[in-house]
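Chain IDs A, B and C follow the sequence of writing; residue 1 opens each chain.
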Amino acid sequence: MTRELFLELFTGLLREMIRIRRFEEKCVELYSATKIRGFLHLCIGEEAVAVGVVGALSEDDAVVSTYREHGHALARGVPMPSIMAEMFGKATGCSGGRGGSMHLFDASRRFYGGNAIVAGGMPVAVGLALADHLSDDRAVTVCLFGDGAFAEGEFHESANLAALWNLPVLFCCENNRYAMGTALAREHASTDLAMRAAAYGMVAWTVDGMDVIAVREATDRALEYVRDSGKPCFLELRTYRFRAHSMYDPDRYRDKSEIATWKKSDPIPALEAKLVSDGLMTPAEVERWRAGVEAEVDAEIAAAVESADAAPLEPVEDLLRHVTTEAADGVALLAGGRST
Amino acid sequence: MGEFRMPSLGADMEQGVLIEWLVKVGDSVKRGDVVAVVETPKSTVEVECFETGTVTRLLAEEGQTVPVGEALALLGSASEVEPTMPVRVEVPVAVSATVPAAAAVGVPSPAPLGSTSRPPLSPVLRHLARELGVDPRTLHGSGRDGALTRHDVEQAAAAVSTPAVAAATVTAAAPATAAAPSTRPAAPSTRPAATGGAHPGSRHRVRISPLARRLAAEEGVDLAVLQGSGPDGSIRAADVHRATRHTESEQPSPPRATPRVDVKPEATSVAPSPPPMSDMRRSIAALMTVSNQEIPHYHLSLTIDLWRSIQWMKERNRELEMSERLVPAALLLVATARAARAVPELNGHWIEGAFRPAADIDLGLILSLRSGGLLVPAIGGADRLTVEEMMARIKVLTRRARSGRLRGSDLVPPSITVSNLGDQGVDSVLGVIYPPQVGLVGFGAPAERPWAVDGMLGVRPLVTVTLAGDHRATDGATGSRLLKTIDRLLQAPEEL
Amino acid sequence: MSRRSTMTVAKDAAVEAVTAPEVSREASREASPEEAPATVTTTYREALREAHREVLARDPRVFLMGEDVGRYGGSFAVSLGLLEEFGEERIRDTPLSESAFTGAGIGAALRGLRPIVEIMTVNFSLLALDQIMNNAATLRHMSGGQLSVPMVIRMTTGAGRQLAAQHSHSLEGWYASIPGIRVIAPATLEDARGMLGPAVEDPDPVVLFEHGSLYNLSGTLPVDPVRVDIESAAVRRAGTDITFIAYAGGLGKALAAADLLAAESISAEVIDLRVLRPLDDATIMASVTRTHRVVIVDEAWRTGSLAAEISARIVEQAFFELDAPIERVCAAEVPVPYAHHLEEAALPQAEDIAAAARRAVGAHG
C-alpha cells in the first residue's frame, strides 16, 4: 500500500472513532439533561471494536448487536439523526421511538438491532446465517456480544449449532472485562474465551481490541475465511470501557487506577501516535487535522440533536401499531371494543 | 457563564442529594471533570460537568436535596469569582481519596481476614449451630485449614447435656407449632358457584342475574316484588318473563304491580324442560326452602274455646243479609290482627339481621287455589276492621284470587300472616313463616269437642291456634302472649 | 403420489414412534363424486403430517427443524417420512438447544424463509421462551415495523397420557397473553389438516399447539385439502340453554358433556376456540347472548388462565346477557400427577362440565 492509502485508511478509522466518542460524550450530557431517558450504555473506550469490525463489512452482511450498540450502528452507517431521534423517543427515530438506546434497528442496512437480553441475539444471528446458507448467499452475519454473554447458555447453544451446521457467522466477543459489575475472572472459570470457543470446532483468535488496525486486519481475515469456507469464526476482542456500565452505575467494582491504566491504551491517541511514528503526519498536523475533524463531527452531532429535538412524537393513536402485521385487533383495543 | 445542574442519573430519578463538592469557588474545571458526589436512591455517583470554566459560585450546600435540572453551581471566567462568597468546603477532597488504595490491575484484593486464622463460619453452619445451641467459638474445626464442618457442629450438639438439648428442641418446636395453623393453606374452592351461594345475613340484598335486571328494566317490572326461582332465591330471566306474561294477560288495571307468585299455573303449561313443575310450585319451593333454611322456627299452640264467639256470630248473622253473613274465620282474623297490635314484636320483618316492626297490621291471608298452589294477598290495616268489614274483605279477596284478578293493593307485603286450614279439616297448623315476616298464625278446623268448663265437662266448639315464630326476633314468651291475646279477644267477641 | 409415498415410508422407516401411526389412508370414493367429495380415513397425527407435506411441497422457503424431527420421525411421529421425502436441508434435526434453534428460526424468518420449528412439549418451550417472547414477539414492534418474523412454532401440550409433571402442562394461556404472536390450537382433524397452511403464510409468528391426547384421534377428511381460517372460533354444536367454551383437549369433553345433558333436555352449545390469540370475542359473545349461561373448559390451571381471561371478557362485554354466574372447569392446581386416577382427577372431565352446566341452568339446585 502506498503512503496515501495508509493515510486514508488510518485517518478514516480515526475519524470514525472520534465521531463515535464525541457522540457518546454528547449522550452523557443529553442524558443528564433528561433528553435521553431509560437505560444508556456507552462504548467509550471500545470504539476500535465498533470501527474495526463493523466498518469492515460489506453491504450484504448482517449485524446483530447488543444494548451497547451506538458505535456499531454509527459504524454501520445508520444515520446519526435517526439514532439521536430514537433516543429522544421521536417518530423519526430508527425504531419509531419504540426501541430507544438499547434497540436501534435499521433493516435497510441489515442492522438487526440492539438486543437487551444478554446473548439473546445470538440464536437469531445463527438463523440469519442459516437462511444465507440455505440460499447459497455469501453474506456473513456478524454477531457482537460481550464477555457476559459468553456465560449464557444461548452462546453455547448457538456456537455449537453454527459450527455443527457450518453457518457463516462471525462471532465477535467484545470482551471489556466486566459483565456489568462482575469481573471476567469472577464469572468465568477459564478466562481464555477464544480457547473455549475453539472447543466448538471453530477457528478462534484473540485480538487486541484497543488497536483498531489489528481489529480491522483480524476482521478482514475472518470475513474472508467465513465467506470462503461457509463456517463460523470467533474473535475475542480484548477491550475496556472507560465509563461505567450505565448512567446509573456508581462504578464501585473496579479501581480508578485500573481505568487509568487502560486509558493509556485509548485507541484514539494510540492511532494518532501511530500516524506520527509511521511518519504519515507530524504531531502538529495531527493536532490540526483532529481539530478539523472534531469541528465537523460536533457540527454533525449538533445537527442531529437539533433535528431530534424538533422531530415530532409518534402519535399516541399509533401506540398499537407494529405489534402484528395488520394490528387491527390492537387498534380496536384502544377503542375499548374487541380486543386481542 | 454556564451552570452546572443536578444531572439525571436514571429515568426514575427526580432529585438527588448533593453529598460532597469536589471543587470550590475559583477552581477551574473542564468538560468531563468530576465536580461533585451525588446520592441517588440507588447509589452514590460522582458526577461530571459538561463545560469548561471556573467555578464562580456554589449554589447548593452539601446535604441539600436538589431536583434534577436545577443549578448546583455557576461557571464563568476566573475574573467572575466572587471572593466574598463563603465557601463551606475549605479543603476539596481529592477524588482518589474516596476510593480504596490502588490495586494492580487484574490482581484480586485478598479477602480481609478476621482475628483468627480459621476461615469464617458459613451462614448455613452458623444457623445450624444456633439451632442446636452450640457455641461455635468453643469448637475445633476438622475441615480444611481448621474450618468447622457440619459434622463438628452436630457432634458438639450431641455431646451437650440432655436438658439443654431438650430446651433447644422445645424452643425450636414452639414457634413451628404456633405457626402451623396460619401456614396451612386455605383450601381453594373449586366450586365457586356452590360456595358463593350462602352469604349469611345478605338475603335481602336480593340476587338478580344481570340479564334479569336488564329485562326487568326493559319491561318495567318491579324487581322488588319478584320471587326468585334461581339458586338461593335469585331472580333470573324466567322470573321476569313470568311476571311480564302475567301483567300482560291477567292484570290490565293495576300498573307496575306484580304478584308475588303466579296466579295462572295453566299459563305455564308449556314447560320447557322437565321435571314438570309449575312456576308457582317453583316459587313456593324456593321461598319455603329459604324460610326453613334461614329462619329458626319455634312453634306454640293453644286450644281456644269458641263458644262465645260462635254464639255471638250466630246472633249477628240473624240480623244480616245472606250475602253478609259471617263465618268464624272473620272473627279469628280480626282477633289475630288486634292481637298483633297488642304484641307488636311479632308484627314486622327481619331484615339484615334485625327486626323492623311494621307500622300497620297488614294481615296476610294464605289462600289455596283449587288448581293447586297458594296466594297470599294482604288485608291492610286489618286491626282497624270490624268483623263485618273483615268478612267483606275475605270474600272479595277470595273471589279475586280465584279469578286471577288480584289488585296491586291486595299484594302489599304482609306484616304477619294467617294460615287458616279450617276448611281442610285439619286440627292444627305447624306453619312455615313467610320471610321476611317473623310470625305465622295458624288455625285448624273449629270442631265440637269435650271441654271442661268450670269443673264441668261439656261440648264446646274448639279451635287450635298455633304460632310459628322466628326465634331470631322473639322468644316463646312473646309468642305465648300473642296466642293468649287472641284467646282473650275471642272470649269477648262483642268488643271486636 | 404423495399419498403413496406416505404409505411406503410408514412401512419402511424403522422408527420408534411413541405411538404407532395409523397409516391406512384408503380413499373411499363415493358412487357419484360430483355430489359427495371423496374422503380418506385419517388421524390427527396424519392430518398434521399431510399439512406439513403440503406446505413443504408448495413453498420452497418452508423448512422444518427441531429435536428428532428427521431420522427419528418426530417424537410424536408427526414428521415421520418427511426427511426421506424432502431431505436433510429442509427436515433438520437439531441439538437439544431449544433456545438456539428457536432463535435460529427467528433469524431465518427475518431473512425471508418460512421456518417451522417443532419443540417437543410446551414444558420444554420454557427453555426457548426468551426467544419466543423477547425476540419473535417483539422484533416487529421494537424495530418500528421494519422487521417481520413469519415463522411457525409447533409444540405438544396437554395431559392425559400419564407423562407426569414435566410433560403434561397446558401453558397455552401464557402464550396467549403475549402481544405479537398468534396462538392456535387445532382440536379436530380438519383443523389439524388445515391450520398449518395459513399459519405458514402469516407474516407474524404463530404458535401452534398440538394436544398430545389427540394424535390418535381418527375420522375422515376430504381428499382435497379444506381451507380453514386461523382467525375465528367455531360453533361445533348448536344449543340454546348454555354455552360451553373449550379448545384442544377440552373440546371432546365438552361435546361429551353436551351429550349427557341432552338426555336431561338441557341444550348446550359448544364453541371450539381454535384461535387462542387473538380471541374471537364476537363468536363468544353471540353465543352468550343466545344462551345467557356459560361454562368455560380449560385444561390449564384456573388461576390466571385463559378461562379467566375469557370470563373477564364476557363480564366486560356481555354482562347484561348473563343469567347465571360464569362457571369454569379447569385443571386442579397441582403439577399434573403420574398415577392414572390422580391425573384424571386433576383434569376437567365431561361429568364435571355437565355438573357445572346443571348448576348454571338451575337444574338440581
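Everything below uses one rule, namely that contacts are C-beta pairs under 8 Å (C-beta built on N, C-alpha and C of every residue); 3 or more make two chains touch, one makes a residue touch a chain.
Protein names from UniProt, one per chain: A = Pyruvate dehydrogenase E1 component subunit alpha; C = Pyruvate dehydrogenase E1 component beta subunit.
Fair warning: this is a prediction, and the values are worked out from it, not measured in the lab.
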| item | value |
| --- | --- |
| Between A-C and A-B, the pair joined by more C-beta contacts | A-C |
| Distance-maximising chain from chain A - centres being C-alpha averages | B |
| Mean-CA-position distance for chain C and chain A (Å) | 41 |
| Whole-Å gap separating chain A and chain B, where each centre is the average of the chain's CA atoms | 60 |
| Footprint of chain C on chain B - complex, ascending | 188, 190, 192-194, 196, 209-214, 229-231, 236-237, 273-274 |
| In the complex, chain C residues that touch chain A | 63, 89, 92, 94-95, 97, 99-113, 115, 130-131, 134-135, 139-148, 179-180, 182, 202-204, 277-279, 281-282, 313 |
| Chain A residues within the chain B interface of the complex | 25, 28-29, 31-34, 37-39, 185, 247-252, 255-258, 261-262 |
| Chain B residues touching chain A - in the complex, by the definition given at the top | 5, 7-11, 13, 32, 40, 42-48, 50, 68-69, 95-96, 99-100, 102-103, 105-106, 108 |
| Complex contact set, residues of chain A against chain C | 62, 64, 93-99, 103, 105-108, 112-113, 115, 117, 120-132, 134-135, 141, 153-154, 157-158, 160-161, 164-165, 321-325, 329-330, 338-340 |
